[in-house]
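When the chains are written out, they are named A, B, C, D and E in that same order, and each has its own residue count from 1.
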Amino acid sequence: MYKINKENLSALFSLIAEANELYVPVSINGAVNFAAWDEDVQVDLDTLKTVKSPKDAFFPQSETLYSCKRNGKKLSITPEELSSKDFVVFGMKACDVKGLAVLDKVFLVDPVDSYYKARREHGIIVSLACSQPEEACFCNVFGIDASSPEGDVQVYMIGDELFWNAVTQKGEKLTEQVKSLLADTDEAKVEEEKASIKAIVERLPYSNLSLDGWGEDAVLLDKFNSPIWEELYKPCLACGTCTFVCPTCQCYDIKDYNTGNGVQRYRCWDSCMYSDFTMMAHGNNRTSQMQRYRQRFMHKLVYYPQNNDGMYSCVGCGRCVDKCPTGLNIVKVIKAFEKGGNK
Amino acid sequence: MQRIGVFVCHCGSNIAATVDVKKVVEIISQEPGVAHCEDYQYMCSEAGQAKILEAVKEKNLSGIVVCSCSPRMHEGTFRKAAERAGLNPYMVEIANIREHCSWIHKDMEEATEKAVILARAAIAKVNLNAPLYPGESRVTKRALVIGGGIAGIQTALDIADAGYEVDIVEKTPSIGGRMSQLDKTFPTLDCSACILTPKMVEAAAHEKITIYTYSEVDKVTGFVGDFTVDIRKKARSIDMDKCTGCGVCQEKCPSKKTPSEFNRGLNTRSAIYTPFAQAIPNVPVIDREACIKFKTGKCGLCEKVCQAGAINYEQTDEIVTEKYGAIVVATGFDTIKLDNYDEYAYNQSPDVITSLELERVMNAAGPTKGHLERLSDGKHPEHIVFVQCVGSRCNDNRGKSYCSKICCMYTAKHAMLIRDKYPDVKVTVFYIDVRTPGKNFDEFYRRAVEEYGVNYIKGQVGKVAPQSDGSLLVQASDLLDNKQIKLKADMVVLATAIEPDPSVRRIATMLTASIDTNNFLTESHAKLRPVESPTAGIFLSGVCQGPKDIPETVAQAGAAAVKAIGLLAKDKLLTNPCTAKSDELLCNGCSVCANVCPYGAISYEVVQVNDHGIREDRRVARVNNALCQGCGACTVACPSGAMDLQGFSNRQIIAEVDAICR
Amino acid sequence: MCECNCNHESFYEDTLIPKVGVVTDIRQETPDVKTFRVVAPDGSKLFEHMPGQCAMVSVPGVGEAMFSITSSPTNKEFQEFSIKKCGVLTDYLHAMEVGEEITVRGPYGNNFPVETELKGKNLLFIAGGIGLAPLRSVINYVLDNRENYGTVDILYGSRSADDLVQLKEIQEVWMNSPNVNVYLTIDREQEGWDGHVGFVPSYLKEIGFDTNKVALICGPPIMIKFVLQGLQEMGFDKKQIITTLELRMKCGVGKCGRCNIGSKYVCKDGPVFHCDELDEIPAEY
Amino acid sequence: MSMNNEFRPKIVAFCCNWCSYAGADLAGSSRLQYPADVKIIRVPCSCRVNPMFILRAFEKGADGVIMCGCHPGDCHYSTGNYYARRRMTLLFSMLEYLGIENGRTRVEWVSAAEGVKFSTTMNEFVDKIRSLGENVRLGDLRCKD
Amino acid sequence: MQRLIDRAKELLADGTVVRVLGWKKGDLGFNPEPAYFETAEALDSDFIYDGFCGANLSKYMIEASKKDGKTLVFLKPCDTYSFNQLIKEHRVDREKAYIIGVGCKGKLDIEKIKAMGVKGILSVEGASMDSECETLTVKTLYGDKEVSYNEAMLERCHVCKGKEHQIADEVMLESRDTKDAERFAEVEKIEAMSPLEKFEFFKKELSKCIRCNACRNVCPACSCRKCVFDSTKFDEATKANVDSFEEKMFHIIRAFHVAGRCTDCGECSRVCPQGIPLHLFNRKFIKDIDTFYGEFQAGEDTETKGPLTNFTFDDVEPSIVTERG
């Protein structure tokens, strides 16, 4: 366990940035999101949750897969180079780190997604414990410990100090790089902080949310055919806010951009809530907003767990709770089914 | 996706001199979708068009791009060729590499590069073309002729003789035009009035011809075959039905100080007047600016003397609205203003006159009753100097760049007539070139020189200076002897350039007919369609299209008439198929398109749609193809992109943009 | 960077990165269906596949869509796709000439269990219209390994005689193969057609097959619905019926989320399903 | 593009078929020079020009966009250019508000008779765009490679 | 609020309407959602109307107009402008709506409260229509906080268009005057910047955009069945999130498409998850329209021609932009 005074954070960041790309929560006109660090950005480690989850450090909102050029009748394809530089994401919360585990089960299973894999390999996660969880948090419901986030390095902000605990080999390596700025310390304060966090988590309004009837053992068709969906979806605007702020949503689209000199085929986030999401040449799987609304939650709470040994595709970060323009969210879905007897 | 054939025209050297045509072909052949690419000397020629037919057949082409002159020139030609080849004519796009490229660029590399880009844009567009099919519209069997000079009269007579109704709109109180002001005509020396007046009478008497004099075209709407025109009959202050043309009113009118338009201001006329004795109709008008009654409320003499009771001071302008299938413009010309030519002392000395003024001086009905005399003092002149090319063929911006064409001949005529009638008068003509291309023209000019002893000096007049003794000192250079000369003259006659009548701008605008920098109306094709405006249904007659003499004017008037007759003879016209079209699955039914449509072509109906499985009743826009003219205002107003313009679709234009910016 | 377009050996391979394919043959099957033969630029076969699998065919800048591979894996030279003209991409493909290049990635999805479940079985193929495309791959595979399978019955119908795809092959090869019965039908009477007239499901009932078979069906949803009914009436168990779903997919690798139906991804877990499996997933296919 | 000494801007000119395109033709037949950087797209009327087209041109790398139509009052379709005038005024004002350099967009009314005006306008516009330099604020970086 | 519930129950009971479109209590006390109520019981248990009911319900009336029977809809004064505009565009059926114009004391922005550093909010007191609406008591996991109601209001309420309902069958509850800022002040501030400053300002704001389409989908003027950015009509459906251009195109065109139709209801800014002041685009057009073509407020009535479907012969020339700058 090491520590560093908050005053030296900037020095720490510049040292990390010497050998790595560094992403930190940055405030731009009031909105905090992960962004590349440089000396001019306004780092904000106090805001609990960034608007967007940090998933786009690993699965960017838009990324070019390959370029294609045409020469007469001949085509040539140039794949985009994979990320090859180590990068550090500093300040990921427990829920966000867990979100990557959810994405891993999508992108790292056969056929492995090389783009994601390369980023995962080169990405070093410095996770930050949540000293002040907020009302929309319910990560504990999914077994996530906000006081002890996973990651390569765990960090705690306590008072004027930042406590640094390397967990993995990657973490150790990073620690070596910045050791000059770190001082040895014991774990007493951190343990105290952990206990404090746990106590707050218990008082969170959603801490007792029950997942009974969901997950691996859910009766899929019962849930699917439940009339409750009809009740729930109506205010939905069919926007993509919930999916784009979500740390686990992974739906994407593959499209072409004509640059004039060739075609760049890129992948970009898509939202299963969009009305044209499933509109394809061969037909449309889900034509109504109810179906699309149902799909999102069925996927997170039933389909995904059934394919992944019970792991939910939700980490309880509460971003959708905070950001839905019409006050809809996954908690309301879970509660509605609970009220309806989980049918 | 089309299979595209690209044809690059050399246009002789018009394109090929500046654009490396072979290189364009080489590059364009590599473009995706291009299944055939070749170049040819003249794509618009029979052989060129045959190449299109052949390639369509051989390569199974579905789209054609011709890189050539402006689509305003030959789009129709190539559309027809495509049709003959079995393609829909709207599967053709033109890349304008002449007017927009080879003619305005000098650097071959640059021009070639641009030609390639323009070709790419056309290819990108044609890729998204779809076959279009014209609808039909009816033809109103009536023609309008704007202008009642010899051109308008001849056109009207020819159309009327073919059995169609014709209306002539003339802005002055009488038909007749410039020709009525002329004394004699070259090269036959007929009396102008003697040959014109019968035509005027014939037109007035023709049962198919309606003449609106002292009238102007106020508003034109509609399109070929179906124009609606508002004609403003200006208040004449005379009841035409009652007036007997006795002329007493003009005699008695106390206001006689208005310069006579007909006599070019060389004398004056009364406020109530007919421009000339043979005016048709022989009904005067009251010039309200000059009339004492209108200015002060007092007088009213004409009303008192008119036995027919035809004077009506209360008359107001009247608007007549009429429908026409074809419109012929015959607005004629005027001489240019000489304000920029101080060196000729036109404004200083009354003895410096224009040739048109000389016509009036020579005319028996003119201000001098046909006597040749100095206007300043009535003295018989001893020496008259004619100056050619005043404001014509001008390379500065004081005058006109073009040759007015008629001056050489009428000057020879004037010189000859003067020498014939007054052998004592010495006549000197300063000229730059003498141009006599025309039947019996050169013979005529030679007679002036050889038989009548007119003194032609190749040279330019530098200055005309009025002398204290009333004579004029003419300073000139003799270009053949290369010396400066000074001559004493009694009169100087300026062969003043002619220009289109200034009213033509307003008329061209209303008709959306093109005019060139000199205000001459543009013909659809300089060689092949010289009497048609690029705007369908508008035809050109006389000097409004370019300088001409009388026989040429009459010939063109006849040609314009034939073109108009050809149009009127049709029962139906095919309408432009490039109309707006609404995609009912995207239409919001919000009415914004109908709000901006100038033709009322958009209406709404409730239809049942099947939107990818959702069946519902929706209010959607419908476009009436007969009314839609294809402006595209609705397409931009429509936020969802449901409304699109066939032939100029959003995706087509964007494809062009992309091709240009790539 | 590597500019080659044949192999990416110096490169990582990602399943999302396509190969360049050259169209070496285009056959007009029906007024709106063409069959495209595709090989790698060096003339070799693009990849190996199994019957029922599909591939993503794309024209860069125009579009990309999933098509089933209609040629049999037993063909060692090329792949074929029978493609119906129905949109921007297919319009483009239909306008193409031999020698032009496209991109292909795949193969994707599962396949008909030709090497396991179907071995030694009597087979009944039922197809409608362009639905023959995926089944043709199986049929030719079976015919090329004739000894491994029992009787083969092929029931194929289309709107009209002109809309029957692969007619030449059906008549010249399939009809002349041992132990193969081909039944053709068209929806409406047509001059010059002396075969059966009527819809596939009713023809199926007329023929009346015994249930000692595995049925492989593919066609428009309405046909599948009634064929399924018909087969069940004849005593077929849903486990004996295998179908392939419409190709409503995008990424092909079970990640983009579009073809996610219940816990299945059609592009990865399908498109071939036993009919009893379909009962267990939500009816969003 | 701007590598070899002189900056050659990409300029898109939307010209209405009836007036400005004819004006451009007249400039051509009168041999009135203007730089090859200008490429003309023919539209039936200035009211056919969608702001999307203009932004699209900038996105794809245009450095300037000019729209020419009939003089107000002279529209072949009688009112088209009035709508176009409002649309373009608002669009240009918005672009200015977003910090796009003034002068990258222009509207000029050019009649069929104004070949000289057409060529003068284009010469002026090209000069203006050359002085403004490459369009970096509205372009899509992906098109720059 | 009880009065609203009672009146809604009456109208349901007497058959005037078959459903009620209002707001339903959220689970956190400050996240209500728009909802349909079809029974008295549902109204009793779930209906709410307080300072957090900012959602403009007029757009939901597009769908409600397709249903059988009348829908009772509660519209705040500013929402009625949107409703009128939707009538003008034939998107809602006046006959299918029973409108209760409901009073408004200014709507609250939970994001503003959070931006004041208030964390872990459990409930907010003082936001009900019965209270004075001057001070809010925020109960949080980390203790109680007092917050000024005014300071917690949505931006749009500070430039409120007024207390008058533009259309309603009846009006209930009192409104409060909340306007305390100039509508165009922010726009003018930007107009006064140098081009580079302007560009940097918008670049920074738009760099936050995640193309979630919340602004578009909530907007009552963006009522297209299919947005041009989702269709192939302009070949512009690209979805990519690239700072260099995409967002600019989207937001400029979106603002242009609603120019002359946007009532300035402020929903776009309210819902933006990144807090982008999207109203600055729309309000710029409104300001320009007012300046160039005379004052115009969309949604004041259901008849007037919009400024972009109208013209005068002597409108300003586009060059005014260059000349002005």
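The rule is simple: a contact is a pair of C-beta atoms (placed from the backbone, for glycine too) under 8 Å apart; a residue touches a chain by one contact, two chains touch by 3 or more.
Please read all numbers here as calculations on a predicted model, not as lab measurements.
J.: Leaving out subunit E but moving nothing else, do the remaining chains stay as one piece, and if not, how do they split?
T.: Drop subunit E and the rest stays one piece.
J.: Going only through chains that touch each other, how many steps at minimum separate subunit C from subunit E?
T.: So the least number of steps between the two chains is 2.
J.: Among all chains, which one's averaged Cα position is nearest the averaged Cα position of every protein chain shown?
T.: D
J.: Please name the chain that ends up farthest from subunit A once chain centres are defined by their CA atoms averaged.
T.: Farthest by centroid: B.
J.: State the chain with the largest centre-to-centre distance from subunit E, centres being mean CA positions.
T.: Looking at centroid distances, B is the chain farthest away.
J.: For subunit A versus subunit C, what separation do you get between their C-alpha means, in angstrom?
T.: So the centre of subunit A lies 39 Å away from the centre of subunit C.
J.: In whole angstrom, how far does the Cα centroid of subunit A sit from the Cα centroid of subunit B?
T.: 72
J.: Which integer distance in Å separates the CA centroid of subunit D from that of subunit E?
T.: 36
J.: Cα centroid separation between subunit A and subunit E, in whole Å?
T.: Roughly 30 Å separates the two chain centres.
J.: Pull out every residue in subunit D that's touching 2 or more other chains.
T.: 50-52, 56, 60-61, 73, 79, 83, 87, 140, 142-143
J.: Pull out every residue in subunit A that's touching 2 or more other chains.
T.: 70, 73, 253, 257-261, 270, 284
J.: Can you list the subunit C residues in contact with two or more other chains?
T.: 62 - these are the residues of subunit C that touch more than one other chain.
J.: State which pairs of chains touch, listing all of them.
T.: Result for touching pairs of chains: A-B, A-C, A-D, A-E, B-C, B-D, B-E, D-E.
J.: Enumerate the contact residues on subunit B facing subunit A in the complex.
T.: Contacts found on subunit B: 30, 32, 612-614, 658, 661-662.
J.: Which residues of subunit C touch subunit A in their complex?
T.: Going through subunit C, the ones touching subunit A are 1-5, 8, 11-20, 41, 60-66, 86-87, 89-90, 99-103, 246-251, 253, 255-263, 280-282, 284-285.
J.: Note which residues of subunit A are touching subunit C in the complex, please.
T.: Within the complex, subunit A touches subunit C at residues 65-66, 68, 70, 73-79, 81-82, 106-107, 111, 113-115, 220-221, 224-225, 250-254, 256, 258, 262-263, 265, 267, 270, 272, 277-278, 280-286, 291, 295, 298-299, 302-303, 306-307.
J.: Which part of subunit A faces subunit D closely enough to touch in the complex?
T.: 257, 259-261, 264
J.: In their complex, what parts of subunit C are in touch with subunit B?
T.: Per the touch definition, subunit C meets subunit B at residues 62, 91-92, 94-97.
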